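Labels A, B and C are assigned to the chains in the order they are written; within every chain, residues are numbered from 1.
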Amino acid sequence: MNISYRLADISARLGGRILGDAEVRIFQIATLEKAQPDQISFLTNSKYRAQLACTRAGAVILGEADAEATDLPRIVSGNPYAYFARVSALLNPLPEAKPGIHSSATVGAGAKIDPTASIAAMAAIGDGVTVGAFSVIGEGCCIGANTVIGRHARLYPHVVIYHNCVIGDNLIAHSGAVIGSDGFGIAMDEGRWVKIPQIGRVVIGNDVEIGANTTIDRGALDDTVIEDGVKLDNQIQVAHNVRIGAHTAIAGCAGIAGSAVIGRYCLIGGGARILGHLELADYVEIAAHTLVGKSIRETGSYAAIFPFSKTEDWRRNAVHLRHLDELAKRVKALEKQIESLKGKEQ
Amino acid sequence: MNISYRLADISARLGGRILGDAEVRIFQIATLEKAQPDQISFLTNSKYRAQLACTRAGAVILGEADAEATDLPRIVSGNPYAYFARVSALLNPLPEAKPGIHSSATVGAGAKIDPTASIAAMAAIGDGVTVGAFSVIGEGCCIGANTVIGRHARLYPHVVIYHNCVIGDNLIAHSGAVIGSDGFGIAMDEGRWVKIPQIGRVVIGNDVEIGANTTIDRGALDDTVIEDGVKLDNQIQVAHNVRIGAHTAIAGCAGIAGSAVIGRYCLIGGGARILGHLELADYVEIAAHTLVGKSIRETGSYAAIFPFSKTEDWRRNAVHLRHLDELAKRVKALEKQIESLKGKEQ
Amino acid sequence: MNISYRLADISARLGGRILGDAEVRIFQIATLEKAQPDQISFLTNSKYRAQLACTRAGAVILGEADAEATDLPRIVSGNPYAYFARVSALLNPLPEAKPGIHSSATVGAGAKIDPTASIAAMAAIGDGVTVGAFSVIGEGCCIGANTVIGRHARLYPHVVIYHNCVIGDNLIAHSGAVIGSDGFGIAMDEGRWVKIPQIGRVVIGNDVEIGANTTIDRGALDDTVIEDGVKLDNQIQVAHNVRIGAHTAIAGCAGIAGSAVIGRYCLIGGGARILGHLELADYVEIAAHTLVGKSIRETGSYAAIFPFSKTEDWRRNAVHLRHLDELAKRVKALEKQIESLKGKEQ
């Protein structure tokens, strides 16, 4: 990797205020602990200020409050964490994919592949599929008939998108992600399950990222909708007819059950479960491993986690959970008895 | 999509009683809210009766109790939900797959592929595999040596089935499903794990559906068994030597640990965990996100969910869970003291 | 399967003490219940001694304490469970893969594939990849540029390893596993998420097994590290910059959040969640479905599971969890009142 920029170049592109030597040449970004003299580091939280003293970094990104916390060449930014992200992207551009269709890929009738797009080996593009400009479809990806993928998508190897889905610009989808599989719709009839065809689509906005092995089911009748800017980590399950509001971020292993409607700018923790047909307001935060069993109308932070302890302590305490109601009643009875005794005292 | 049926055609095929104009022509099925005049809708729960008044649907499916709740042309069925499923299947047949083996697929020695079956591009069929009549093996699927797949299977792209598995008729398997991977069997010996070969198979009955990215491990010595009519949603983990009884349905992200035996007609909620070597009776329902740590011998509904609340409330309450035993003892002590005081009163 | 060994052959290779006829010829291993006269079985726990009486097995593996519990030909071992694992491996060797590169595989420029390695159909090997001696890369696997895979690896079909990863010897990776996908790194800036490039690698030691559909993200700046002998079951999520200590075993569906450091020889139960930036000491055991929200410095067994019950009982009891703090305060108030009453009594 031999891309490099002077501090002055970085600031010219990304803004921020330079203090110290603007000519320092930067080849990579690294943590304060690991950075070398030709690398830039960053301080995004004043409480780690002490680490500044020991770093070998050639320059540092930091916020206004820490502007004078070091003598190193530095860029001061109102949002040092986002600035770090942008510097890292500058220094680590994605490898370019060669435009064109690999000879081992299959492309269905009527597919419209932009000439700037790249279709890798063993990819299977269905009939009538559209792939927009500069999009990269990785090795072994399968795109079902009539699905539309916008511009600048990057599908890592082995992403599967079923038929008739609609995907905006700048999608990033990691390996093993499955988009548009059938929702879990079954009706019991005389002792047998009857499958309910899933004829809705998955509709995904712009600037969405989907993690490895995450699954998003197509709608039963209407569509499953992922709005602009939604970020999904790995192994998330999004059931049919869910709507996820713009710029909501969901951590790994979370599950969203059918027809749930999640607001905008929500943050949902790892392994959380949102039950079906619920609504979450905008800006709701759900703690990891929490089940949400009722709609949340009010912005805020919500949790439901059983605190862990040594197994023998847990066992001794948890046994009472099966008798909490009785315990509460016993406390109520005690309160009555006390009142009665106090009455007699007087 | 230009398939269409008159109400009379539908009733002739699927039964039910027509009220109103039997000549209405139906092209698609939709919700009461979205249905157009050339579409049929459905009311499966009387509590949504009010929506009937506003629908633009050309016809409606409903139950006996709601037969007179609208003047629209309608089909009255004893099970309107299952009827809806069947009408949807009638109007939305799966696209037919062309019989034959795609030139890019590989087929091992001695494999028996029925001439009516379809093997898509980039599929890899191992030695000695059997694929039954009318089965469709999607793009990039891998079928291990000597596995037998019955008739009318539909494997979406990128399903992997390991060697020696046995699968009945009408399997639907969604993308990313893995069937027959090694169970998690390890033995500790002098500070090192020794792998226990997994030499059992996965045996799957008829009419089973397996969701996207669901995994079913092969048995360690005996087989892992999925009985007829089992429906598995996405991202479910079924460990080695599990047996799932006929017509049981399991929602997304659930995990069934090794050697658990699940009864027939069970309903297991999303993210639920069934520990290993347990037995669940028939017709047991497990709530979402519930861990089952003991066998359940009695039919019924079971749950274990920590109720969520605002994070500050949760924190204030949850801290007591580590002292519940002490709290219970304090209540007991109070009861004794009260008894003693009351004794003195008398 | 016609591999067979006399008891004497087995003992010569694997050690252990033979009692009874050492000439018995063994073709397979099976449970006590299912074993046939040409098969060997095993007793690893004295409490199942009774089953010895009924077995039809031709020979048995057992521990010193049970050495005289049967008259059958037998091998006595200090660790009968590990001995069983080794006998099973002896009787069930993996099918050999033909060395060489399948004609449908693609191999990038500068890739170094050992001549003894096997690259199956539809595999895609990136530029500069190294595949060590005797390694088997299954159908449809994708290996990203410059990744190094050691000797004797076995990748089942459809494993994806991204670029620049480093993998030791003897890796077993099951279908759908994704190694090296981007960690979930995003920074909020003026209402939009900015992606943080994930430029670290995944570094995996020797003798690691990775289950089906498990995902291991690459590091943000530094590496994600899986040490020697780690065993991961199916559908586990390992986030960026996690370190998992040597010989730790993790059961299915567990999730390890970013930068968590797990010690050596830990056992983590199915569906457990380890939050980010925590440390777990060596030899820590975490129960299934338990969330670990704080570092654990002390070896031992930890749990946090809500005990399940009939749904109506659960509902009646769980409602009090939202008022536990109030209940505790009421108990405290009662204690004060009792003290006050007792004071007046005296």
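Throughout what follows, a residue touches a chain if its C-beta (ideal position, glycine included) is under 8 Å from a C-beta of that chain, and two chains touch if they have at least 3 such contacts.
These figures come from a predicted structure and were not determined experimentally.
Peer 1: List the interface residue numbers of chain A and of chain C, divide the shared ones by all numbers used, and answer same when the ratio is over half, different when under half.
Peer 2: Shared-number fraction below one half, so different.
Peer 1: Given a C-alpha superposition of chain B onto chain C, how large is the rotation in degrees, taken in steps of 5?
Peer 2: To map chain B onto chain C, rotate by about 120 degrees.
Peer 1: Which integer distance in Å separates the CA centroid of chain A from that of chain C?
Peer 2: Going by mean C-alpha positions, chain A sits 25 Å from chain C.
Peer 1: I need the residues of chain B touching at least two other chains; which ones are they?
Peer 2: 104, 122, 140, 158, 176, 213, 235, 253, 271, 305-307, 309, 318-319, 321, 323, 327, 331, 334, 338, 341
Peer 1: Could you please specify the touching residues of chain B with respect to chain C in the complex?
Peer 2: Residues in contact with chain C: 104, 106, 122, 124, 140, 142, 145, 158, 160, 162-163, 176, 178, 181-182, 184-189, 191-197, 199, 213, 215, 217, 221-222, 235, 237, 239, 253, 255, 257, 271, 273, 275, 285-287, 290-293, 300-307, 309, 313, 316-321, 323, 327, 330-331, 334, 337-338, 341, 344.
Peer 1: Show me the residue ranges of chain B that touch chain A in the complex, using the header's touch definition.
Peer 2: Where chain B meets chain A, its residues are 28-31, 34, 79, 81-82, 84-86, 88-89, 92, 95, 102, 104, 120-122, 138-140, 156-158, 172, 174-176, 207, 209, 211-213, 229, 231, 233-235, 247, 249, 251-253, 265, 270-271, 288-289, 305-312, 314-315, 318-319, 321-325, 327-328, 331, 334-335, 338, 341-342, 345.
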